[in-house]
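I've put the structures underneath this note.
Each of the next two complexes has chain A plus one more chain, namely chain B in the first and chain C in the second.
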Partner chain A sequence: MTHYSYFEKLIIAILVFSVILILIDVFIMVSVYIDKVSAKKIEQKKQSIREKIQEYISAWLIEDDVPIVDFMTRETHNYFSDKQMKDPLFREILYEEIFIANRVLLGDEQMKIKELYKYFGFEQKIKKEFFKYKWYKIVNAANDMLAIKALESSTRFTELLDHPNQFVRLIAVKAEISMGGDQVEILSELRYPLTDWELYEIINFLKRNNFKQFNSLEKLIDHKEPSVCVLGLLIARTFQELYLNVDFMKLLLSSNTRVRKYAIEYLAECGDGSYVQILKKIFPNQAEAVQKAILKYVELHGTDDDVPFIYNRLNDYRPAIQLKAAETLYNMNTNSSGFLNYLEHSKDPKNQKLAIHVLRNQ
Partner chain B sequence: MKILIAEDESLLLKLLADKFSRENYEVIACQNGLEAIDLFDEKSPDLIITDLQMPYSGGYELIFHVRKERQSNIPIIVLSSTSVEDKIVASLELGANDFVEKPFRFNELIIRVRRLLATTGK
Partner chain C sequence: MLYFLSFVVQVGLFVYCLMIFLSYLLMGIRSWKVLQHHKQSNTNIDFHSFRQNPFLPSISVVAPAYNEGLTIVENIRSLLSLGYNNLTIIVVNDGSKDDTLEKAIQFYDLEIADYYYEYRLDCKPIRAVYKSKNRAFKNLLVVDKENGGKADALNAGLNISYSDYFACVDVDCLIEENAFEHLIFPVINSTKEVVAVGGIVWLNNNSDVFHGHMVKLKVPDKFLPRVQLIEYFRAFLLGRTAWSSINGLLIISGAFGIFNRERVIEVGGYNKNTVGEDMELVVRLHKLMRQKDIPYEVAYVPTPLCWTEAPDTRKVLSRQRNRWARGTAETLLMHKDMLLRPKYGVIGWLSFPYWFIAEWMGPFIEAFGILFTIIMGLLGYVSGVFFACMLTLVFSMALFFSILAVFAQEKFFNRYTEPQDLRRLFFTALLEPFVYHPFTVYWSLKGNYDLFIKKVHSWGEMTRTGYAKKENSDKTTAQT
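The block that comes next holds the complex of A and B.
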């Protein structure tokens, strides 16, 4: 029996270990290669499916007055076989493409896309997902339902207005708005505060869809939840709702800063000059954002009598207010811009700087 | 009549190309602004329909190239999903003749194309 010395045993162990390492390396390299090749193959397959599907969708949209069943069963169009439809990859791409087409088209073409949703059974699938528990599944399904305008499940959407997840609540709000009638009445039933992001999304949604029927705006503005009140004011301002039966004094004296700010901004754009005196009176105790809104209001509705009030604001300890006051002076529809010329030539270097800055940037 | 269509969404590009071909226009299709700039120089289209946001180079660059670098006044229609007023104004200021917001109606787009071509005497 051969006896190895300690040194020889060590060498053999190192050699065996090296061989094992090399084998592992080779295995990893082969796996990575196979993975890459198969990913490339899948990508090619996807691309080929996508092109074929696009061709058929395009052909379907261009066809005039042909029932979808006739179109799909034509020999030349018999691409959507049962075998194909059972392939998850094929169904996924088909769904994606139909969804994209639905997102970019309106009118007759969109109606034809809706027929595709029905024909391929996607509408049932979406409705099933809509009643799932996970929030992202609900949001996806609700988004799809909105896109294909399948909004029959109105009770479910109303329930979702109280969902703890804000994404779900937002999509429920959009769906409720889309259902027609008085499009904002449902918002007065919201119980959760709306975040800035939700406010932005709702306003954009209303704008994009050209919704204009706001009979319940007063109900929103009188809402006890400040964010709903802010939404009402924002809608009123965005859509220039000039005749509102709202107690604005109550809003101007609200304990909520944002309510005061948005109420003043609404009055500046859509109201008259009857609040100048009260706004000048409450000015000193306001937050900076509210003070800027007041200055904007005075800029649009003030007269020469209000110029000294603005002029005093040039001595405010905050540069943002000084600058806003100087801009207000410049933009006021009075002979107040003469004040800026005066400031420019005044001996106070701070006022000179302000005036020059405003003159250069207006 | 040649129409250059620049749109990165392949399905929409196919739909536009098929629809305008059926309306007897010769369609030159591409999926990004760089390609569109090359095709504009090479093929001299009679009208351009372009998206604003595309890979490599967008619709703004294409409009800039046509109006400022080539000094051409062929009609340009921007077809974009943006609802931001600034972007609409920016594209019109750069020299686009019209703006169609996605989602859109094909018939409306076709009428706008015909009208623009008619006003330029083509």
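The block that comes next holds the complex of A and C.
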């Protein structure tokens, strides 16, 4: 009897559970379908609002010496009524349009757009968002503040340099630099490892905004976090900082592959040939990417004495290194290039093929 | 005795059912979070400027082609139009019996090149490497080799490639123009070594395609491709997204993914002795990195980047599912030493047990459950009410995950614009458990039967209509 009662309870539980699942399904299906059906209407409505807003923004831009309050209180501009401004869709589109205009305009016109932004209270909205918990709200708010040049010196950005989310850290770096802080000081505050993408984002940002003055870049290169050291090397290479007071031997013998690779690339581009011997010595134990960087260095700074070293690399077990070595021979100097031509006619079929590949594909 | 046996089996099946539901639910919740994070992250990445980045790793696209004469010109054109900065296209003609090579030579003005390579991976002899005389196609290489199958062709492509990463793609897949910017992103945004990256592969039957580009995505007209589309939503949006977030992804679709070239060569390339070479390779990469104790990642980009044509006849579909079942069984058995081994971490403790129980054994358990219930029902040992309840439970669970997957598609990608597309997807999801799922169970069982009893190890033929042909036929229809 007890068993039967338990069985009954189980059946009821299964049925209730199944019905709940089916009800959830029905709810999702109906709501998703309604959204889809109404999407076109909403898009049309958005478009009509957008056109009207663009019209008023254009009218505001061609006005001269009229305070924004006067402009907005004109009879014809009642479009921005309190009722309209309470409509979330309207506010959303107005916000978007202000930022689109801000992106394409310059000088005084951009300043006028900023007036609109302040007039409609978006400044307060963004500040509120900026102090929220979710990372993407912080990033979006900071991005908008950066775009409209409404950054204020705030300890918040300094705190965010140590945020666990990479997008937040990145925008904090950009904001701090944009506010006029010392780039090297700000970047040396970074504690989290930087990925390649973050490195290139920072360098692109510095290039785009013409930040070229770096005081004591050595502070970055000597940083205990290897990726910050790599950032320092990349900055030095990108902005051709030729005179650095750095112990490159330490970098070339670093346990971090990226540090070694970027140090060699920096030396290849901005240094002289004084590291050829040490690089040849450390070559066998390196990763493929580092070995390619070493061969590039030898290509740029090597002499006839280095031809045997390069020739030995033609016997590497990896064809990618063999080819790189053959290319190094071709590009290093006239004598090494002549040696490659000699290999083209050699009796060793492998070396012959390698030479032909390089000579035909240059 | 029989009553007791029946009771025990029913409880066992019920527990199995709940375990599967729970694991799917956990995956669903996890995927939802990952998809949300991915969507927010993507708004902060400028993939366009990213393309100009001179430091991006180089990629070789290796596309094996066998008897693709109908579509080869269009397929190569589509690959050449990919926007990645540092890309080489390697098309491997795997000893086609038709005019695949001749058409490529003629259209792309190819000539035999002095190209240096070594047979680092075992593959059938390479007859020649072709390059175009036209500088506009300077990043195109066409390799002609003896027939050896897909894995063999991929190994040949790897022998030819010198890039940091290589992508394996099915030559007839449509790839989004910016697909490789998305795929390479996890590589340059990870502090660990990324050995492989997979992306979402979706179906494009009946969609509007022009010159190798997706113009308008539509839900397939026929039931079979449509129901497969829902399967793909479930697998790629809810399944793989969750597994990748804990570095437990065991499969990267053979149609589209990128791999670290040197690591793949280190593990011996593609295995020619299995029809599940894509899964087997990923498992071997996991094994290598875990054994060497190197921090690594098998990443996944939950963005639809590749479109392929689904089989639209039962015959072709059954062959495909048969092959998948064999591939899964072969891979799991080849690497059974990883199961429950602490050394292999999440792979040994979670991914492998899940694949053994849910993916490989699942069809056996389902088929056993159905047969057992029918027999016991005929003998009068199964309560009709309990049977009906279980059926409702299984149906509601199956429907729930299908609807959740469609919902995820709508919320995070919203690629289908017409309300009728949604109507058809929902209707298909309702029918799937009754009119489609039993067949997939049967095909899986048949696959296992073929593998263990008939010892079948070959690929079946996959007949394709071809986009070029479709475009031409559309044009002809329009003209008449």
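One rule holds for everything that comes next: the second predicted complex is superposed on the first by the 304 of 362 C-alpha atoms of A that agree within 3 Å, B and C clash if a C-alpha of one lies under 4 Å from a C-alpha of the other, contacts with A are read in each partner's own complex, and residues count from 1 in each chain.
Going forward, a residue touches a chain if its C-beta (ideal position, glycine included) is under 8 Å from a C-beta of that chain, and two chains touch if they have at least 3 such contacts.
These numbers were taken from a predicted model, which means no experiment stands behind them.
J.: Between chain B and chain C, whom does A:M111 touch in the aligned arrangement: first, second, both, or neither?
T.: neither
J.: After superposition on the shared chain, which partner residues are touched by A:R50: those of chain B (first), chain C (second), both, or neither?
T.: Only chain B is touched by A:R50; chain C is not.
J.: For A:M85, using the defined touch cut-off, is the partner it touches chain B, chain C, both, or neither? Pick first, second, both or neither.
T.: Neither partner.
J.: Please indicate which partner A:K207 is in contact with in the superposed arrangement: first for chain B, second for chain C, both, or neither.
T.: Touch status of A:K207: first partner only.
J.: Return first, second, both or neither, reflecting whether A:E97 touches chain B, chain C, both chains, or no partner chain.
T.: Touch partner of A:E97: chain B, not chain C.
J.: Where does A:S18 make contact in the superposed view: on chain B (first), on chain C (second), on both, or on neither?
T.: Once the two structures are laid over each other on A, A:S18 reaches chain C alone.
J.: Counting only touches as set out at the top, which of chain B and chain C does A:M249 meet: first, second, both, neither?
T.: The answer is neither, since A:M249 touches no partner chain.
J.: Tell me which partner touches more residues of chain A in the superposed arrangement, chain B or chain C.
T.: Higher number of touched chain A residues: C.
J.: Once the two structures are fitted together, what part of chain A is touched by chain B and by chain C alike?
T.: 204
J.: Taking the touch rule as given, give the residues of chain A at its contact with chain B in the complex, in rising order.
T.: For this pair, the touching residues of chain A are 50, 54-55, 57-59, 61-62, 97, 100-101, 103-110, 204, 207-208.
J.: What does chain C use to touch chain A in their complex?
T.: Residues 40-41, 43-45, 49-50, 53, 55, 113-118, 120, 162, 164, 185, 188-191, 262, 383, 385-386, 389-390, 392-393, 395-397, 399-400, 403-404, 406-407, 410, 417-419, 422-423, 426 of chain C touch chain A in their complex.
J.: Which residues of chain A touch chain C in their complex?
T.: Interface residues on chain A, with respect to chain C: 7, 11, 14-15, 17-19, 21-22, 24-25, 28-29, 32-33, 35-37, 39, 135-136, 139-140, 143, 166-167, 193, 195-198, 200, 204, 227, 288-289, 318-320, 322-323, 353-354, 356-358, 360-361.
J.: Applying the document's contact rule, which stretches of chain B touch chain A when the two form their complex?
T.: My answer: residues 9-12, 14-15, 18-19, 22, 81, 83, 102-108.
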